[in-house]
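Per-chain residue numbering starts at 1, and chain names A, B, C and D are given in the order in which the chains are listed.
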Amino acid sequence: MKERTIWEQIADSFRSRSIWMLHYCTGCGAMELPPTMTARFDMERFGIAPMATPRQADILLITGYLNTKTLRRVIYTYEQMADPKYVIGFGSCTINGGIYFDSYSTINRLDYYIPVDVYIAGCMPRPEAILEAFNYLMEKIRKGEADGWKRYRENYDWYKQNQIRSLGEVYVHDEFHE
Amino acid sequence: MISLLIAIPLLLAFVSVMWKRLAKPLFFLAAVTNMTVLLASWFPNSVEIHVMGSWKPPFGINLVFDNASFYAALVVNFFFFLVSLMPNLVESYGVSLMLLMAAANGFVLTGDLFNSFVFMEIMTITAVTVASRRENFYNAFKYLILGGIAGSIYLLATIFAYTATGSLNMAHVSMATISASSLVAITTLYAIGLGVEAKLFPLNGWVSGVYGGNDLAPVILGTSVSFAALYMVGRLFGTVFHGSGAGVLYTLALITIIIGEVAALRQQNLLKAFAYSSVAQAGVVVAMISKGTSRAMGLAYFHLTNDAVAKFVIFLVAGFLVYNYKNLNGVFKKHKVLGASFSMATFSLVGFPLFAGFQSKLRIIMELFSMKDYLFPAVMLLATLIEVGYVVRWNVKLWFEEETDEKADNPIVAGTLALILSLLLVAVFIKPEIFLGGAMKMGNALADTKDYIHGVLSVVKGGM
Amino acid sequence: MALSTLLISLLVTSVVIYFISKVSWRAGAILNFLIGVFLISYVFALHIGVTSNLGTLFGQKLQLTWTHASYYFSAVSLLVIVSVMLFAIKWLDSQKYPAAFNMFILMMTAGSLGVFMAADLITLYIFWEIAVLSSMLIVPMGKKESRKAAVIYAVMSASGTYMYLYGAFLAFQRYGTLNISEIARHMVSDPSTGIKAAIFLLLASAGIAKSGIFPLHTWLRIAHGNAPDAFSAVLSGQLVKLGSYVLMITVAAIPSLRVFGNIPFYSGIPATNYFLIALGATSIIIGTLMAIKQDDMKMLIAFSSVANGGYILIGIGTMDPMGFEGGVLHVFNHAIAAAVIFMAFASVVYRTHTKKISELGGLIHKMPITFLAYLFAIISLAGIPPMSGFISKWMIYQALVRKGMFITAFIAFFGSIGSFLYVFRPLAGVFLGQLPKKYKDVKEVPPVMWIPMMTLVVISLVIGIWPFPVLQPIEGMRMDYGIAPTMRIADSSHWLIKGFSGSWNPVLVFNLFIIGFVIAYILYTMFPRPKKVDLLAPHKEEGAPINIYTGGEYIYTPELYHYNTKFYAGFERMYEKHPSWEKVLEMLAKFFHDLGEWVHGWFFRPSPSAYTFWVSLTILIVFWVRW
Amino acid sequence: MVAAYKALFNLVVAFFLVLSLEGIGRKITARIQRRIGPPWYQNFIDLFKALSKHPFSNGWIFDFGVLMALGGTMATAMVIPMGSAFWTPFPNSDNFFVIMYLFAVGALGMAMGMVGSGNPWSSIGVSRALTQMLGYELPYLIVISSTIFHYKTASIHKLIEMQRGGWNLLVMPLGGIIAFVSLMGMLGKKPFDIATAPAEIASGPMTELSGKYMGLLHIMHVFAIFVEISLFVDIFLGGGNFGWYLVKFIVVWVLAVMISSVLPRFRIEQMIKFYWGVPLGLAFLNALFVLLGWTL
């Protein structure tokens, strides 16, 4: 990967110290976030704060498994986030579909569709693991290795064709929208 | 000379009974001659009388010709003349119109109480025939009944007057001293008797029916005949009875104003609405007459003249519209001239500036204030407020609503007449003397009893 | 040319204009505009104190005279009217009666000029009626409801006018003159307070009715809401000011402080003035609350006119130098702002054919100039610097706080903050947000329509930065009426406006705003360029969703995603079941109808026998009364 | 020229002071909630991070609104006196009403830009913000008017000088308390953060703000807080020299933060009812006292 300018390095160090996350809570992983936020583990001390809209968020936290229906929303949300943006795949469902791996509608590997910077293995991962992952992500951001958003831009066609292949069509055309 | 005013229409009426087809031209002829006669003797600034037979007053019947009766006769005949210009309006009513004309003239000119009763009867009956046009029989019948009652009461009053004074000559009666009680009786009965023709509440029940019934009646009854009747009010209560009994008139008149306006407000029929408004205007005039001073009376007749002209235009246009269209929405888009004159006439009625009504109304209010009468102006302004309501409503309806595809060709004569008269209203605003001078002379003549008595009972002039 | 000749020739010309417009209405409109321009130049050339005779009416001389007040009010009115005339040159092609419109608007101009020039009450009345009549005939040229509107307008205005007439003649009967200054002189020396108060209030009631003050305010909603769109600008921007003028005449030209000095009510303000102030305050409350909940944008601004009429009345009513100048200056500000707003709405309606906020949206990308005009107009209307609207509000607050009138001040503050709410509603609903698909190919209005708006906006802005040209005639007016003649408020040498509690410098404030804006712009350019996302689906290829945050959902129907119905639902819910004064007046009208019904049923419908009964009854009553 | 330097100094002070105070506020809240909380300079980091991102824009009115908001608020912040006549950039124009209405420019700009983003959440947030303004401004303005009536001047630095004898807070304690309650509403802290309710309307007006727009509006918010608290300090706590002024500023801020960190959120009409209930009544009572001269 190419060298960063001094400005980018400074910016990256800022980015690494202030992470606003949009947690996409489809699965059981959501259960693990409240303890992580609140007094026991207190993720705010790392400058991590939950955000309400993708426009403001820096990282997209995919907690738990995805199916074809939710994946559409995930992609749409991800594309609405402002660069630079990072994705954390949370739990084994995002890695290999977890216990639902053989369902007809389950998405088995998230990073075919959107670039994932950090995976958290386990079912469920405990808050310690989550914080560990965040620290790792911060490290990557500071080093400038968390370049998922760049990859998405460069290999846009590849991601799109994967999305199309499994979703048929990224935009929904169901009875509500005809 | 002035007895021609009565004689000619009467004569021609009988002639035209024999030759029906001649009725219209003869009516026209009568109107023209009357106008010429009147124009020939312009404002006799003295009191002339004309005795029937050579019975000197107070014994014989005599016609009185002074500024008052001249101005009244002028207005009366003027409207007959205007009507006679419109043959399609006259149709087969030439005869009765001529009779009506004769009666109205007689009523205005006579100087004798009983004679005036006779003329009033003729006037009522012919008016009823006119009113019964277009199968408007029931309302005409009502009118007949009321007219009959009024006539009888008028007669009763005359009899009282005779018993009280031993004379029927107005001048003589006005000289005589009448005991208070019988004066009360006489004036009250006269008030009631004239109340029907003068459209006083509650004797004006016939008005809406008759005026709303066809297109000829309002045009002639609402202008000439009511002017004649209101003239007589002024003559009796101003000249003869020196303003005793004015209180009755005043009260009734004020009630009449309000009643007329509110009745006009809810009215859905164009002709009837303005019939009620003429009721209200008559109320204003009567109330003003009851004030008794010469200036007040003059203003009253000034107002009445403006009102008569405006009403003539309004009823002319309204009659045309009502009997040519089912749905009146936006008809004026098709008849711009009629519309313009109608609007001007109605605005003059309300008393907006730029039109004659403004002059008379404001003068009246001013006069009343100078008389320290604070009630009447308030009533009048309230009435005007209601008037604004329905006048604007009708104008908006007739001008701006979506029109229907009904058609009717423009009436040329009526249109021109309406336009000329409405422009006359504007002219009067700019130069009120056009009507005001005559009206003021009339007022003076009516208020000035001495001169009247002297003129009547002094040396006899003319005769036939 | 003498004033009287001017007015009369204007009246005559208006009829001529009608026939010209019959041939080509556009020629008539252009001619109108030229006449208007001439009038403006004429007005600015006139010298204060010119008088001229209009002839005599029943023994009274009808006199016209040119005072500071006439100069100020005529200039403001002409500014509004002329811009509307220019606007109309194009706008009229959407109208049904262009010829009549041209005639009546010129006639109305003549009438209002006459009102401002009149030196005596009866002249004022005559021209007043001319103005009312001609405007009343333009109102029903609009949509269906406008017919009813015309009637209500006429009746309300007439009710005020006739009270005025009664008062005028009362004064005449007592003082033997109709000349305003004469009457003022007599009133000062008149001992009886009752009659003076009666005359005062009766005269004021005309202004109350015309400028939409509380008891007689209801006609503004329906008349301004339904009149032809561009004419609403004149109605709200100019005609309402006739009322303010009459109020000013009654309160200031008749020196109410000295006339009613014997009945002080609160901090040196007479009870009569305080009564007017209370009415003004009430109309501020009503206007604001009702404006906030309107969905029809024209009615919304109509109610805001009610509120602003209240401001003017309060300001003048205090008869405090600051308050008086504030009130009079507010006439100018509201005239300009309301005119621009209504013209902007007229442009919107001209293109989209609807005035319901809930049916519009996102027009900013289609009609940017109209949007800017509206934006600056509402900034002025809400009284935010650097537009001129702020200056008058500041002055009025100064007066209120100085007099310690806290409740009135509270209501004024409420109206001012409420105005943020209601002016923002059309901004959000009509111009911002999502554009419904059906307005995909709406265009900006042609220059001849936006030039007048923009001119007025620029004038308002310039006056907001450098208000002294307008403040001079107002100070002159103040001197004429002798309100604290020594005090100077506009200090143009130091660029200051001095209140009793400190001063401020409009130029400086404007510069600060510019500096702040520049700094903000520098910051804006320092950081990465934004990626334009189009929030309007119709612009993108078919089937593309709206590109805004939708909780991950795809939305294809922008109009459903545009929040503009019941914009202040949370607040409106608090006064849903408010009592309505309109209903009261409707009850009154209905009462008269029913009375007519009753009368008709009892006296005019029945059979002849009933008549005989009535006749005999009358005879009996009369005899009984008289014996 | 000196005035210009003072004005710029205002901006600099406002920026650093308030940003660090915000961080401290977050720390305090965290401690109250038994957390450790972010470092005091966290908000600087957040701000610069936001500015460094690649944002989205929804059309020119969106940008224009943000600029107008920031510019208007800066203009206001430049007029504010900081605790003494010396630190008053423009002694001729620091009239209270001028400041209040100049302040409204920022609010209007923000509202316009955010609604321009075309997001219904933003519109709802803006409508709530304006309604809230209707709520808290009225008691505040009544109190300030009675203050102006009492001291016969509306220019802030004159008011500060007049309070040499004793703080206005002690002269009219009722008014001071009401003004502080209104200040809570102005700051938009709990329980009055109805406009930006992240859980219900996705942070209201800011819904569509990304990257530098977020940052610029954050700066605007910083200046807004500066203006609001400075007005309170100047009018009620009697200024003092610059150090004292800062101390008072910090105290007021910390108090506000502590109150807000233990309270839930009002609904919009509850907020209106609250402000038009007791505070408004007490404000009028205070005005009455001032009229009668019953001041301490």
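The criterion applied here is as follows: a residue touches a chain if its C-beta (ideal position, glycine included) is under 8 Å from a C-beta of that chain, and two chains touch if they have at least 3 such contacts.
Model, not experiment: these values are computed from the prediction.
Look at the CA centroids: the one farthest from the centroid of chain B belongs to A. Among the chains, the centre nearest to the mean of all shown protein C-alpha atoms is found for C.
Chain A and chain D have CA centres that are 36 Å apart. A straight line joining the Cα centres of chain A and chain B is 97 Å long. Work out the mean CA point of chain B and of chain D, and you get 78 Å between them.
With each centre defined as the average position of its C-alpha atoms, the distance from chain B to chain C rounds to 45 Å.
Residue positions 53, 55, 80 of chain A each touch two or more of the other chains. Multi-chain contact residues of chain B, defined as those touching 2 or more other chains: none present.
Under the contact definition stated at the top, the residues of chain C that touch 2 or more other chains are 549. By the touch criterion stated above, chain D contacts chain A in their complex at residues 26, 30, 33-39, 42, 45-46, 48-49, 52-56, 198-199, 202-203, 206-211, 214.
Remark: chain C residues 362, 364-365, 371, 375, 379, 382-385, 390, 393-394, 397-398, 400-402, 404, 406-407, 409-410, 413-414, 417-418, 420-421, 424, 427-428, 432-434, 494, 496, 499-505, 508-509, 512-513, 515-521, 523-524, 527-536, 546, 548-549, 551, 558, 561-564, 567-571, 573-574 touch chain D in the complex. Within the complex formed with chain C, the residues of chain A that make contact are 24, 53-55, 72-74, 76-77, 80, 171-173, 177. Contact residues on chain D toward chain C in their complex (touch as defined above): 7, 11, 51-59, 61, 63, 66-68, 70-75, 78-79, 90, 92-95, 97-98, 101-102, 104-105, 107-108, 111-112, 115-121, 123-124, 126-128, 130-131, 133-134, 137-138, 141-142, 145-146, 148-149, 152-155, 158, 202, 207-208, 211-213, 215-216, 219, 267-269, 272-273, 284, 287, 291. Here chain C touches chain A in the complex through residues 543-545, 547, 549, 552-554, 556, going by the rule given at the top.
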